[in-house]
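Please find the structures below.
Common to both upcoming complexes is subunit A, partnered first by subunit B, then by subunit C.
Let's turn to the complex of A and B:
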């Protein structure tokens, strides 16, 4: 039985697409083809994973720990099981296989807690019932007895003598080289002679910075449907970022071979890294296999805040030196990321934070250390920007302070030290494709500034919509000061450090109703990034067809890797291109066999597929595709890899660890109500090099969306964790605020296309770079307006007014309320 | 959960008398959130959506009789002249969808200190008309809020109409939130000048266990205006008076530290809003040249 509301095939016809879209043409690469699911999403008709339905299905519910660190003394499920309508209650003891843990990089996460719980909201037990309300009621009747343990909440408490160990018996591949068992992974990078370079520095700036815990805040909560199959396996329909990574983690815990766990991607309502880790996947499968009934699980918003990892909060110490003429001499930094209770992708985040910690600047002498802690705080892992975001916030603040000390314009100072093609990273890697850092900065700076005092109207009343506070009517211009700030960032594209980062694509060319149709099948998770348009565009360009059908992503085809690291267009796009090229070769072979004797060009000319025909490179039509195929379909599956990367040396951090780098620069213009501490971002101008915009509309969407996510963590977005209890204080959209359209500034964007010859079509990953520099640009603008140091993000009204109220808000104390850090110059 | 659906006001009163535990629901913008998040599971809901009387409003010589269910969007569109403070406050309520559903009756029923309407009602002066099968009474707004999310209603009573004094002078409302829409107040302040009675009234939101007036600030300002002959002269107010008014408004707060803001910030922000609103309203009063209240709303675009 197949469940209702499965993802339907997304058939895209470039001709109809062109009619509704912003451009017309063949619908190939470089055109702004509209999303096939765009209208459905806007009108509310798109079927998300939370809309899945199956006859006879049960509803799963998760019981989560109410404390952050405790021994699990007992779990009494009897009362819950006695409730009519309850079909199963599972705890760790019910797990069917010897493998009981999972994890992206380190298998340290129990499917259900055993022995102890390590963070607030950790899954402890599961319920399946015939109604979600019944499941929820039953869950409330499960009695869990906890014996609380001392908490580990920061570096001091994690590495103090006698500190409780979050994981007692580590055997993972990082456990041998970490300085303390509560350190997940540590990556130093040393290059040059820092001591000698520091001695040459004529100006030195040091600073300590704090980055708050950001949430991905995707709108579609974790959800899916597990359907038990007759062969003892299970079919899982789920919203995720990487089907095959899920599969690799799920199957062993279920005690099933991977081929008996068949996964299909359901409608995904955003991801941003938050769906890289498992959430309800194993749980729904366990309940389905136990009850023999389909089981649906949907988190509500509250549970979602506990259902996925967050962006690592960080403390960062930086020292930069420069000569009087504005050349950077050296950089020392130490980045401490809070990984929370489980490793998730912390090791890779550490590698990114370390290797990108110097930013897009040439610094020959560096001494870098980045590490992630195990604590009892909420687990942290992947989020858009992945370790590069936190570093960018800190090094860009340092650049402004250095420029100020040197009496140089902050943009000119950055341009003096900007990387370019051929520059060498702190890891020793030479950048072998365009790195237009100086040009991006020049472009955002060259833009005219938005007019001042836009709230003044012809009438006597100001337009408060143009003021900080907006319609909340807090100022009519009083206390409002404008500030302007700049920032630029560097992000890697693709998986790094020697990871075998490949994608698989299956492409079929067929003739239906006399017309050639390409069918593209990958396991790529479409999470909103626009891969579904890009794949169709590539197929049209490569195969000369108009009709392309994108088959729903599932595990019947090989892995497409993760929809993260700005990699899908590059890697799965590369695989689709590669497979299309193979299809074309087969088609041309067929053509030569069938028609080769009719025309010499079949043997001598370069041949292309265009407009449903085989044509020579001189434009002569040789045959229609329908005639060449003559009822035969051509199907090819290909795996494609980007150039290999290398691990970073454990001691020196040297190694060609990344495959490609991506750059964006922002200029933020803010208006700050300096008395109330309210900020309006008036404009957020951006320039980014994308190599080649396969779909310019999607590219712009990524740049705008990334910029706004950076704005969010500049002025409002933060998960607040009580340091005394390690409990989350604001798990709701009432108190975890994300920007609305009224908080969204105008965002003029300058998109450069400087080809990276190593990448398909010369493209460069787009999705993450704009998230990096938006935040420090806004902070710089607020500093410009207020003259305050502001070494913490997000910045809140009480931070901006602490000097007026005489409270500790901005005094440099640690913790969620403080302005953290005590940046100082010497 | 029982769901009672009275078709008229008398039916609703009878239902409430029979089921005093029933929770009234109109726009549902508070109750449904609590139900969806499983924070509250009333045994019985009393649906007031069919009670057409609650959607009526009328403008009398002294006051506006505002039905409990009249949505905020309606106040914004139609009562800007009569109720400028409440119209400004309505602008800050959540999103357009919520403003189309929610009404002042719900704010009063929930009696959260963060309800956006309260400071405007306190500043304008209002009476809450409540009724039960036993009869009807009017509760002065000053006596309505009795504790954190508690009000003066008896178990069998329903809110029918809010009688809000028509503006006889300039009014203002401001709300501090950390984003520009869909935000619960960190704190809020409302001010109304009442030239007819030579008084001023204020309202503070989200900075004390209940919505409160800054009575010392009102007394101070009333005295300054009176003793200085400012009502008649329409001269600019001395900055020292504005500062003192702001300090007294801040002093009327009894705030807490929570995830939305610190107590210290709330006190500070209420003071800033009070000082600014005094300037805005007094400028407007001065511009009125003695011919009475202007007929336009303040502030909002």
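Let's turn to the complex of A and C:
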């Protein structure tokens, strides 16, 4: 059925002008132009996916498994179906198509569980009802009988002889080369002669590190609205990071051709990787198609913790050697990522962890292994930093320990070994654009330190807000010590390993009311990063217009790829630029046809579009755009790709796998209440090279936001999974803490703009690099303050006070889960 | 049950409200005011912050029945609220702001919320809304409505907050995108503009460059890429935009 009236508040065109006032610039690239969606966002009018409404709409709800690994014995839906207001209950048996599974890289995830459940919170059944509370109550009346199975929760249990297989009959493209069916993917990298180099080492440092499971914790929960269409298809309005990837996974499970599943991006309340996989998309569509009614689904926070993948927790074993004069000789490492029950993007995370495991340092002799496990823990996949974060935490701890052993300043030691343009990665790839690692470190170190004891006030009482423990009033400065730590990291930009990473842009130049207007249409998911702002800036720069309209992202235009991997300004920005250039050529062609005979410059001069006019490169005005177009609109759609990458060799890991690298460095200053184990991060200084800041204010927003997500996983954020049951223990904002404004330090930022000549405008992807080095810098500062070894993150108070309370070993060991054998198979 | 209350200055009634329904649900689903956001439904995130008889509350934790006969202010009413507050504080004569200058796009003088912001909204925003846009405090924007209501309430109580005051007042509002640095800038900016607007109401919005110049008192510190007023120093290699220096 088709509703009588169109859905309201589903999408908004964003009309944006360059700015107001006589001193405004042109609104082109390099300026901090305002967000086109900004006014709607501050007035409360911006329609997020959870705000959608449709006449006659029903509310969907998901029934999720209450155990982590079990055979599904039976599902009894009769009682739920009998509740007034319930319109449908669906289980796996109701799926309409032969294709019942989906997945980003490996189609291993059932749309609804069949046969067994593999993790706590796996979707088992769906309800649609006329009120969300009715749907919730009906869901509670669905009786699911489970027969629990033995759990696989870590490397030991996953690879033990006779270990239960999380997926019994793998046929995916990694299944042939992994050492065990519970290993999703494994990537070794070997280069040089590690044994010989190790023999030359005068100092060797080994360490074992544990990285906790972090949640993206975007504030806008998973949500969307599916509207059944007259042609038997469905219109889906949803918050996602990648419309076309969703579409490719959704349509087969619905048994529909892709053209009958029309997707439109709704307002997205943050993403950070957590919306790269599907959540409620298929479910809402199934319910809508079954009931013939629009169906809205909105997760609450509890469900959101089960509704998306998390950052892979990891165990990392490292060995570094160095000569007495501070040169790295070799590195061995083994990185074990817990991918949880389904593959998600684990293979790509493995590739990143392996290829970036050495950090931004020159090490000619390496022996690297990274792998991801299938376990019955929550599925893990994309989160900002994507495999590089875990490695950075470990290699930066190693750098500090090496420096200490050598008696060198930790920053000087890093600078001695820092990579630069022309350096060679462990994969054999030569860095062919600026890599100012030493300079970034120099800049954060050169900053004056924040004043000591800032809690002291003119009066007698200290300002406890400036102390560890804050308004809990736990200390007035007694037992508080300061520490300073440094870290630097390397992140790839864009999709790697031979992936065809392209984007599409449709740009139209029209004259409306006498004024030229550019209309930009892409499928790029604006998730908050400000891509829509940048697209408008590019259009202004390339087409010389003031007014730009950003058309809502949907699947009526070609794929833009994912809003992830720090890639959208590079790739979709590149596509918009490319399409604008094509529009400009057509406009000039029109101009030559119409006016070429009147002025020789049309044929001979370099021509530009500026301020609504065609001008020569000498500044002479040839014609107004309105006259050139003369009522005709010019529209062009273009696909744009960055330089191709290559897969890593399965055995040696060699290959030009990444298109661009991004670097950031942090200096953290912390104050620790050593008696209670409370940490206050006093300042987090950052320096990053961004190539070219297309929108400086947005660049800073990425740097600050990324840094604080790194702070979160340093001192508070961790999804706790009970090792005995594989159940999530803290799925709420009461128990999973993310930084508040009181937990957040000042963040002086130093932004370098060293152009990468291979990238549009010389830009370098920004979003992820600052998330890498914030965490190890804070850990280093806490170690500096306390003298403790601290090999796991996040650091909790008990890790800082174990030596006082006599708690066995918590401060120095890698973790508490019992698997101490990270390096054991070597 | 039926619940009668005032929302953003208007009498409203909601019918068929369940006993368990929250004020947030009634606002969003029954009254068509989805500006207040639901991000945790347990009072941890502040995304649903509204004012109940002037006091900031998490609307998700207020039972709808509790608001019977009371006054609620949401983000949708924030600009009107600020306008009324200013006219109350400064006398009726000043509400008669003249028309803006259509030639320059300048907003009307005399309205402190109609500062010469690049947002170019013609003065429809409250000072704190405008400051969030100008300072870059909005990314995904999901936390923004709650933060705006909380920040506006704080500035009402405390027109010249210290950084520590701002942090304390906004500590119940989670933001996952910005790292809060630009939110601090925005509140500082709103406070500075508010102060200046009260000091010289008739020239507000027209004298910024002359009076303050680049980096003047309303310059949000972080816009030049340093840590802002509570950062240790300011200039560095990144020549970001500065308020007043466009």
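Heads up, the rule we're going with is that the second predicted complex is superposed on the first by the 780 of 826 C-alpha atoms of A that agree within 3 Å, B and C clash if a C-alpha of one lies under 4 Å from a C-alpha of the other, contacts with A are read in each partner's own complex, and residues count from 1 in each chain.
FYI, a residue touches a chain if its C-beta (ideal position, glycine included) is under 8 Å from a C-beta of that chain, and two chains touch if they have at least 3 such contacts.
Since the structure is predicted, the reported quantities are computational estimates derived from the model, not experimental observations.
If we overlay the two complexes on their shared chain A, which of subunit B and subunit C does A:183 touch? Say first, second, both or neither.
Neither partner.
In the superposed arrangement, which partner chain does A:734 touch: subunit B (first), subunit C (second), both, or neither?
A:734 contacts both subunit B and subunit C.
Which chain, subunit B or subunit C, ends up touching more residues of subunit A in the combined arrangement?
Of subunit B and subunit C, the partner in contact with more residues of subunit A is C.
Does subunit B (first) or subunit C (second) touch A:42, or do both, or does neither?
second
Which partner does A:678 contact after superposing on A: first (subunit B), second (subunit C), both, neither?
first
After lining up the shared chain so the two structures overlap, which partner does A:742 touch, if you call subunit B first and subunit C second: first, second, both or neither?
After superposing on A, A:742 lies in contact with both subunit B and subunit C.
Quick check for you: in the superposed arrangement, does A:465 touch first (subunit B), second (subunit C), both or neither?
both
According to the stated criteria, A:300 is in contact with first (subunit B), second (subunit C), both, or neither; which is it?
both
Would you sort A:797 into first (subunit B), second (subunit C), both or neither based on which partner it touches?
After superposing on A, A:797 lies in contact with subunit B but is clear of subunit C.
Is A:530 touching anything from subunit B or subunit C once the two structures are fitted on A? First, second, both or neither.
second
Under the contact rule defined above, give the subunit A residues that sit at the interface with subunit B and also at the interface with subunit C.
300-301, 463, 465, 471, 732, 734, 739-742
Which positions of subunit B touch subunit A when the two form their complex?
Listed in rising order, the residues are 36-38, 88, 91-92, 172-184, 186, 257, 259-262, 264-265, 267-269, 272-273, 276, 279-280, 298-301.
In their shared complex, at which residues does subunit C touch subunit A?
Residues in contact with subunit A: 18, 20, 28, 32-42, 44-45, 47, 74-76, 78-79, 104-106, 116-121, 124-125, 129-130, 132-134, 136, 138-145, 148, 164, 166-168, 170-184, 209, 222-223, 225-228, 230-233, 236-238, 240-241, 246.
Which bits of subunit A are touching subunit B when the two form their complex?
136, 300-302, 461, 463-465, 469-476, 478-479, 675-678, 680, 715-716, 720, 729-730, 732, 734-735, 737, 739-743, 796-798, 801, 804-807, 809, 817
Subunit C touches which residues of subunit A in the complex?
By the definition above, subunit A touches subunit C via 9, 17, 19-25, 31-35, 37-39, 41-48, 50-51, 53, 133, 216-221, 267-272, 298, 300-301, 443, 447-451, 463, 465-466, 471, 527-530, 683, 685, 693, 696-698, 700-701, 704-709, 732-734, 738-742, 744, 746-753.
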